[in-house]
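Below you'll find a set of structures to go through.
Both complexes shown next keep chain A, but they swap its partner, so chain B is in the first and chain C is in the second.
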Partner chain A sequence: MTDRQGQIQDTARGWLESGEVKYVVGFEQGRRAGTKVAFVRRPEDADKLVWNSMCVNNLTLFLVEEMQTRPGRGEELDTTPIGIVVKPCDSKTIVELMKENIVARERVKIIGVTCEGVCDTKKVDGSEKQPPAVTDENIAGKCLVCTHHNPLIADVVCGEAVPETITDDYSDVAELEAMTPQERWEYWERQLERCVRCYGCREACPLCYCEECVFDREKPYRWNEKSVQLPENTFYHLVRAMHLAGRCVDCGECERVCPVDIPIRKINRYLEWKAKERYDVEAGVDPEDDSMFGTCDTADPEDFIW
Partner chain B sequence: MSHTIGKDKMDALFEALSEHEVYGPVEVDGVWTYKKLDSAPDLEFGNSQVPPKSVFFPQTETMFEFKRDGARFVGAEEPQRASKPLVVFGVRPCDAKAFTLLDKLFTWDYIDPYFVDRRERATTIALTCSGQKPDENCFCTSIEGSPSGTEGVDSLWTDLGDRYFVESVTEKGEALIELGGNLFVEAVSDDESSAEEVKENAVKAITRTFDRAEVAESLRCLFESKYWEDISASCIGCGMCTLLCPTCHCFDINDVVKQGEGRRERTWDSCQFEYYSSHASGHNPRPAKRMRQRNRMYHKFLYIDNNLGVIGCVGCGRCISACPVNIDIIDVTEGAVARACMEKDADAKGEEAA
Partner chain C sequence: MADDAKNDFEPKILGFLCNWCSYTGADLAGTSRLQYPSNIRIIKVMCSGRVNPQFILKAFQEGADGVLVSGCHPGDCHYIKGNYHARRKLTLLHDLMDHMGIDPGRFQLSWVSASEGHKFAEVVTKFTEQVRELGPQTKMAGGGGQ
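So, the complex of A and B:
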């Protein structure tokens, strides 16, 4: 772990010294075990970058923000690349964002870190002072089914290569499919009833990058009422799910941030599974792949349309 | 006079409250919120994720209903209000104190009938913090509060293991004792000292302190500071810190019309949402997240204080625990004090040099 941390700091320092990047987005230690997002602008601050089991955020969110920043009136757009620290799952987001022409490769320099898994922050006691070791009890759900422990895209890779040993059989969501429609409906009712529509799941998702989300839209008409009640909550989650089908890379951010513990990954994992099964689509692997929704093939199965 | 009530008497107390609307903390899949109860309350909990402000100020509430008649809407009718007295169990003292802020707010320039009606009908039973509370982000004691505070409380309960120690703070609290009759027994001095111990331990368990002596003053001279850009850089713009705050009270009013039937509805809103401040013209006076974060701090520590004479934070720690990027309201405000000093010094040096 510390070895990776040293490599991250050295790379960031080097890039900032040479001026190749204008800043580096990484992690710094928070008040206790948790980390915070660091924007490092000076080489001498590179030392504050850390790497540990609590580096959970998918920082590519801030890459999207950079790409969507427009210059002020009379200013020129500064296209100097930014540096970013990513886990392998986060690196998949960059691939997906490149596919969708949101991120231009030349505007980002990527510090990819090989990874054996991170903690589920909800399973770590908030009073814990140091980042704990990753254990079977506290490991994040996404890491249990992760098939890419090495960055898919990076300029510098920190850490030894991690062998791939997991075959993902989607058994975690197969139980949902095994339910009767009625049971499934009741299950989701129970979950979505408590959504407070803080939109944390949308805001934390690097692939929810629309500058005007349909749920904020008032004109020409409102698609969903502001009412925080089951029908509207359900509609929000259904639409969000559909907009992420075949795109979600399972970085798990939506579920991690939810203050009322709605198992949002279950929705996304199910869609990921079906996209793979039906259309042989795997998001975030190859920037040259076609996008699922952008491709029409007459041989596509239509058995779910009735 | 104080009393105790055995935990095994809670079912009977619930029965005795059959003429009341009874609210309390409810757990679903590990998440606690306040709901209307249909059985005795479960008070073995830390604190709720969604604060009990929802009892008096529901997240979504119908203000009145109407119908379409040709091109016009007619017959605006207020929904029938319940007239039963209301009881809320298991409110943490910080959240109860927040009720008193909402009381001021909802009667300040306009008397809000919806909120006031429920508050008037209600008896608030608070629960001294013990067990899972206080937790690592509690700081009520830095905001003139206490884990056994009685502001906004009618009856204060303290967990003594197999029974609760019950102190009546107001007449409503006394009325509860009367209604419960022999379910409540007079406390003995041992009960009193045990309760005292629980209260002292709770204060000791609070680890965070917040020095806000100079916060307001410092904020005043930081409006244009780059500080807000620094502290909001990692903000993702969700509304957790505000929606889950027991003192936050912004709402949005919308008409929901379907098939000729309509309702006017209000829903919690958050100043952290980009569209919150957006005008009908499309202009947004607070387009950047640094402005929205700044607004949150200014509103809590300056504007509410100016208008209502209290600050907009009771130290419950929810915004700290929930923030997906670990933005911490104590660090932000204490940081503002340090930054204001720094900028003042830099200004002074600049003037000297000139």
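So, the complex of A and C:
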């Protein structure tokens, strides 16, 4: 772990000294065991970057913010790249963002870190002072089904390559499929009626980057009422899932930030599974791939159509 | 008693028909004086590819018991590929509804060409019966500020 941390610091320091990057987005030690986001602008500050089992956040959110920043009146757009520290799952997000022409490759310098899994922040005791080791009890759900332990896209890779041992069979989602439709609805009803529509899942999602979200729109038509009731919540989650279909890279941020622990990843993973099964689409693997809904195939299955 | 209630239930069905094939097909069904259930309320769209999954979910939220989307047969789209795009999007929506336990039988996609008045009448009859069997839609209804 510390080995990776040293490499991250050295790379960041080097880039900042040579002026190749404006700043580096990484993790720094937060209060107690957790980490927080660090924006390192000076080479001497590179020492505060850390790497440990609590580096859970997907920092590409800040990359999207940088890409969407418009220059002020009379100013030129500063296209100096920014540096970013990414886990392999976050690197998939960058691939997906490149595919959607949100991120230009030349405007980002990527410090990819190989990863054996991180902790689920909700399973770590808040009073702990040191980042705990990753164990079977506290590992994040996304890491249990992770098939990419090495960054897919990076300028510098920190850490030794991790062998891939997991094949994702979507058994956690298939579990739900074994229930009857009524049981499935009762399950989702229990989950969705808790939603307080804080829109945290949307805010934390690096792929929910629309400048005006459909759920914020009032004119010409208000799609969803603000009230926190089951029909509105169901509408919100179904529409969000459809917007992420074939794009979601399962970084798990939505579920991490959810204050009422709705298993949002399950919905997204279900569509990820179906996208793979039906259309052979896998998000975040190759920036040259076409988007799922942007293309079509005359041979697509049509088993429910009359 | 329960059977009576089911038979008395008149489902509200919303139809999104494409301008070039299915809407004309529905028109043909009308001019040919074919009988089909009057439960369907039709909204004309320029292409089945225009139908956003949001439209369908919104219809359920506003109290529709069933939603029918109909477009040109594959290969016949006026806009070349619109119905292929619709097929991808709506197949996944259908899967998702199934996964969430929101009766996928309430949502149907069909291909009806401008000359298939008979097929349109058949599709509407069959779909109305299917939705009638499922009964009133209560899982998503009651939203939209009602």
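Note that the second predicted complex is superposed on the first by the 303 of 306 C-alpha atoms of A that agree within 3 Å, B and C clash if a C-alpha of one lies under 4 Å from a C-alpha of the other, contacts with A are read in each partner's own complex, and residues count from 1 in each chain.
In this section, contacts are C-beta pairs under 8 Å (C-beta built on N, C-alpha and C of every residue); 3 or more make two chains touch, one makes a residue touch a chain.
All figures in this text were calculated on a predicted structure; none of them were measured in a lab.
When both complexes are overlaid on chain A, the residue A:190 reaches chain B alone and has no touch with chain C.
Legend: residue contacts after superposition of the two complexes on their common chain; A:8 is shown touching neither chain B nor chain C. Once the two complexes are laid over each other on the shared chain, residue contacts for A:257 go to chain B alone; chain C is not touched.
Of the two partner chains, neither chain B nor chain C is touched by A:102. Once chain A of one complex is fitted onto chain A of the other, the partner contacts of A:214 are limited to chain C, with no touch recorded for chain B. Of the two partner chains, chain C is the only one touched by A:278; chain B is not. In the superposition on chain A, A:229 contacts both chain B and chain C. On chain A, the surface patch touched by chain B in one complex and by chain C in the other comprises residues 225, 227, 229. By the touch criterion given at the top, residues 173, 176-177, 181-189, 214, 223-225, 227, 229-232, 234-235, 238-239, 241-242, 245, 267, 270-271, 274-275, 278-279, 292-293, 296-298, 300-306 of chain A touch chain C in their complex.
By the touch rule above, chain A contacts chain B in their complex via residues 30-32, 34-37, 39, 57, 61-62, 126-127, 190-191, 193-194, 196-200, 202-204, 216, 218, 222, 225-229, 253, 256-257, 259-261.
On chain C, the positions that touch chain A within their shared complex are 53-54, 57-58, 61, 74-75, 81, 84-85, 87-89, 91-104, 108-111, 123, 126-127, 139-145. Within the complex, the chain B residues that touch chain A are 28-31, 33, 49-50, 59-60, 135-137, 207, 233-234, 236-240, 243-244, 252, 254, 256, 265, 267-268, 270, 273-275, 321-322, 324-326, 328, 331.
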